[in-house]
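Shared between the two complexes below is chain A, which has chain B as its partner in the first and chain C in the second.
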Partner chain A sequence: MANLHPKSGDPKVTYEYRRKKNAEEMRMQVITFTMMIFFTVIAFAAVGAGFSKWFVVPFVLLLAVVQVIFQLYYFMHMSHKGHEAPQLFMYSGIVVAFVTILAFLTIIWL
Partner chain B sequence: MAAEQKFTPQTWPESPEQATLEGKNKFLGFWFFLGGETVLFASLFATYLALKDSVPSDTHAKASDLFELPLVFLMTMLLLTSSLTSVFAIYHMKNYSFKKMQQWLFITVVLGLGFLACEIYEFYHYYHEFEHKFTSSAFGSAFYTLVGFHGGHVVFGLSWIIALMVRNAKRGLNLYNAPKFYLASLYWHFIDVVWVFIFTVVYLMGMVG
Partner chain C sequence: MSSIAHTQKRGFTSTVWEYLTTVDHKKIAILYLLAGGFFFIVGGIEAMMIRIQLAVPNNDFVSAGLFNEIITMHGTTMIFLAAMPLLFAFMNAVMPLQIGARDVAFPFVNALGFWLFFFGGLFLNLSWFLGGAPDAGWTSYASLSLASEGHGIDFYALGLQISGFGTLMGGINFLVTIINMRAPGMTYMRMPLFTWTTFVASALILFAFPPLTVGLFMLIFDRMFGSGFFDVAMGGNTIIWEHFFWIFGHPEVYILVLPAFGLFSEIFPTFARKRLFGYSSMVFATVLIGFLGFMVWAHHMFTTGLGPVANAIFAVATMAIAVPTGIKIFNWILTIWGGSIKFTVPMLYAVAFIPSFVMGGVTGVMQAAAPADYQFHDSYFIVAHFHYVIVGGIVLGLLGGAHFYWPLMFGTMLSEKLGKITFVLFLVGFHLTFFIQHFLGLMGMPRRVWTFLEGQGLETGNLISSIGAGLMALGILVLLVNIVITQKNNIQVGRDPWKDGRTLEWAIPSPTPFYNFKQLPLVRGLDAFWIEKMEGKTDMTPAEPIGDIHMPNNSFVPFVISLGLFIAAFGAMYHADEGKDWAIPVLIIGMLITFGAMLYRSVKDDHGYHIHKEDLLDEAEGGTR
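Let's turn to the complex of A and B:
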């Protein structure tokens, strides 16, 4: 089992440390979730309150981007070590996604 | 480290989803797939934005006539909460508590089914109340393709999670199925990522015109 616990010779210490680390991460996840709920409520409220379209559209888009960053980096663990390849894949995907949407919008609406 | 080896919470590795070569490969391949899914959904979003409110005559309902915020809010809460419950499931997977993982996955599935029921009601409502159909306008086609494709992902994700729960019910956790549970939860989170943009771009932006 030595290769599973490279940093500590005592498996019991490592086990308790990992348990604690997992529990702390779970607390972070709940905080993340609370903030996502909060952003969602604000976004719906901004539309419900009937503000100007020129304020609401960029505002809700910004909230969506922040929520997705939370989802990717915390819920999907992209903030953890060893996620270089997922970052490459996702950011490449996002670049192509952005260009696709930009192209369609400019072709039709400009 | 054989895939079927029996573990205890003490001997269970820190990242069980990547403890075997197969797990590592699945992890890499699945993220590559999610990058591709991002592009797929972007093209559907682009089509929707290009064809939004493109209806042949004024008798057809437009986005702001169709959508109702309370239902969309409920659907958002169901899916967002199910995303958290699948995080709980993976937390228990990493602590090697199989029963708790199964319980949280079950709650995830129930919430997902609730979302699906709302969506079916929504489409039914648009079809019968507003004559808003897949073939009635370019707007209708783009709307049902985008939102329906997401709904299809929800159906697939639910079937996947249920299949894993049933298949491994008596088997418990090992390094063979840990990557499978982990990837199913990643897929479920990705469905929520897409939904965040759907409720923002389709529904919220649809309401303000």
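Let's turn to the complex of A and C:
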């Protein structure tokens, strides 16, 4: 169907093309994997260095969010075509969860 | 397994067994209709008792405690166990046919969803016989519900938890079905509006039910396992329940009303014999209502003291919802405008719906103004408002939809004459009951009040209201008679009985074959069947040659999984009681049944079966087999 990512069995997608795509994708995966390890090291370092917790907590959370995005897009292939519906629902879910947490933070607890 | 055996006559036991194990969306729809109809009657009887109690001042028809139980169960039953399953009945019966699918995406999960709902509802209603029903209102606000004695609230929390699982599964199933299983040519912008509203309502279920699940688990743990989420003395916060409940509860009303809008959007074009006016703006409005539905929950809590900023934000967001709703109203009116109108029973319900629902919508905007809401809050004005939207929107939609889709579900046509009697009785009764309640509220009658005193000017209004409720009950009785007579006579009316069917569900033979479409149809535009009719064809153009059809096997496992949770719920509820040592073993046995059944399902391969091409061709030649 609409799932025309490089690994599909579509004969119209040539072998050369698929090889090239796969190599490209592999390169991106290695790069993101390295960056993810790097981020993890930074996160540990930030905690170890003893900065104020008002810096460390948001910083580690930010790194975590970036890692989740890497995971989704480069390892779980969300960047490929045919993933529009999952994207829509994931982002809607994130918005709903965010509004809920925002409301709890602002009008119940603070 | 022979395919043709399904169409042969069955004995009673075999029919029961078929329905206990079925995974066919059309049969599950009938199960939802029966169960939802049953709970609708139960909720209706509770409503009658409320109105009898309030008919005259100082009445003692029921005691104050029992009255609290009745109003709680009336609300809970009508929302969770009547309106939702009845809408699920239509979604199951119609949506797969409208998009040209042979079944929903996960037939097994579909059956599981029904049985979970059914056992949850059964559990909740058993409270009447096992020491008292829940009595903290359908909203079950935490401080009150934590203080409530006996097991009523436990029944509420556990029962809704189980039936909520079922609803969530149903919603996800519909989403996957609509995204993945549309017939060739059925693009998103060619989907009939009922499919669109099912889609958006299912997305709302997906996002709205988890907060309810979380809130109910907190309530269950606070009441049964000694936690303190809502207990202020233990450092909890009672307001958290209100937020969780309304983050679920407000989208819930859109989950209910959107499919009803969808039903009307099918009825109007059919009987005005005119394309739905402003199709794309209808889709846009549906999605926008779904989106805004998550931004407004705190308008139920203006008086809890959120502060002026929060109140103002939620007030404005709430008023914004009137815009897409207005778009819909005008589109429906313009659909009828200039049409060649046929006033059948479904069309009567649809036409009556517009003014009734608008009245409910207008009082909604009145309450959205936060300062004014301080006056309306917890008065009968609120009761009048939400009954105008729920009865005037959803129940009229369900009744109209029932008449409209009866031929599709059962192959027979409900009597138009009796249908019109029901319509008149119900509509007059409805306005008589609830219109006057606006004024009772403005005169100061509080919501959920057990009785009132003489000489406060509330007697006449309440008496009128009770008479109206009686008329509604009469209308429903006539409908039941109508159903019995129609099914007894069993006159099959055949395909496209309204003669003006526009969408795919009317293009298939009646009674619908259990595999739905012999060949998947090619959809060439909005109102696919109408397009073919206008070109002088009687059938859809097939999009594929006749081939083998893969079908799922029936399964008894969904019933067993649900039964296990039902049993476990009793264990969870009674384990804290003195001298009930059997409770923990019952909890464990129940969970073992559920997980055992799930394991069995996971381990045992069930690949379904195929209907062979030859059988399909034979059937075509043999005519009525």
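Heads up, the rule we're going with is that the second predicted complex is superposed on the first by the 91 of 110 C-alpha atoms of A that agree within 3 Å, B and C clash if a C-alpha of one lies under 4 Å from a C-alpha of the other, contacts with A are read in each partner's own complex, and residues count from 1 in each chain.
The criterion applied here is as follows: a contact is a pair of C-beta atoms (placed from the backbone, for glycine too) under 8 Å apart; a residue touches a chain by one contact, two chains touch by 3 or more.
Predicted model only: the values in this text are computed from it and were never measured.
Trainee: After superposition on the shared chain, which partner residues are touched by A:15: those of chain B (first), chain C (second), both, or neither?
Mentor: Touch status of A:15: first partner only.
Trainee: If you stack the two complexes on chain A, which partner ends up touching A:71: first (chain B), second (chain C), both, or neither?
Mentor: first
Trainee: Looking only at chain A, is it chain B or chain C that touches more of its residues?
Mentor: On the superposition, B touches more of the residues of chain A.
Trainee: Is A:48 in contact with chain B, with chain C, with both, or with neither (first, second, both, neither)?
Mentor: The first partner, chain B, only.
Trainee: Name the contact category of A:100: first (chain B only), second (chain C only), both, or neither.
Mentor: Both: A:100 reaches chain B and chain C.
Trainee: Tell me which partner A:31 touches in the superposition: chain B (first), chain C (second), both or neither.
Mentor: A:31 sits against neither chain B nor chain C.
Trainee: Which of the two partners, first being chain B and second being chain C, lies in contact with A:63: first, second, both, or neither?
Mentor: first
Trainee: Do chain B and chain C land on any of the same chain A residues, and which?
Mentor: 85, 89, 92-93, 96, 100, 103-104, 107-108
Trainee: Quick check: in the complex, which residue numbers of chain A touch chain B?
Mentor: Counting only chain A, the residues touching chain B are 1, 4, 11-12, 15, 18-19, 22, 25-26, 29-30, 33, 36-37, 40, 43-44, 47-48, 53, 56-57, 60-61, 63-64, 67-68, 71-72, 75-76, 82, 85-86, 89-90, 92-94, 96-98, 100-101, 103-105, 107-109.
Trainee: Which of the residues in chain B come into contact with chain A in the complex?
Mentor: Interface residues on the chain B side: 9-11, 13-15, 18-19, 28, 31-32, 34-39, 41-43, 45-47, 49-51, 69, 72-73, 76-77, 80, 83-84, 87-88, 91, 94-95, 186, 189-190, 192-193, 196-197, 199-201, 204-205, 207-209.
Trainee: Give the list of chain C residues in touch with chain A in this complex.
Mentor: Residues of chain C touching chain A: 175, 179, 203, 206-207, 211, 237, 239-240, 243, 247, 294-295, 298, 306-307, 310.
Trainee: Show which residues of chain A lie in contact with chain C when the two form their complex.
Mentor: 85, 89, 92-93, 95-96, 99-100, 103-104, 106-108
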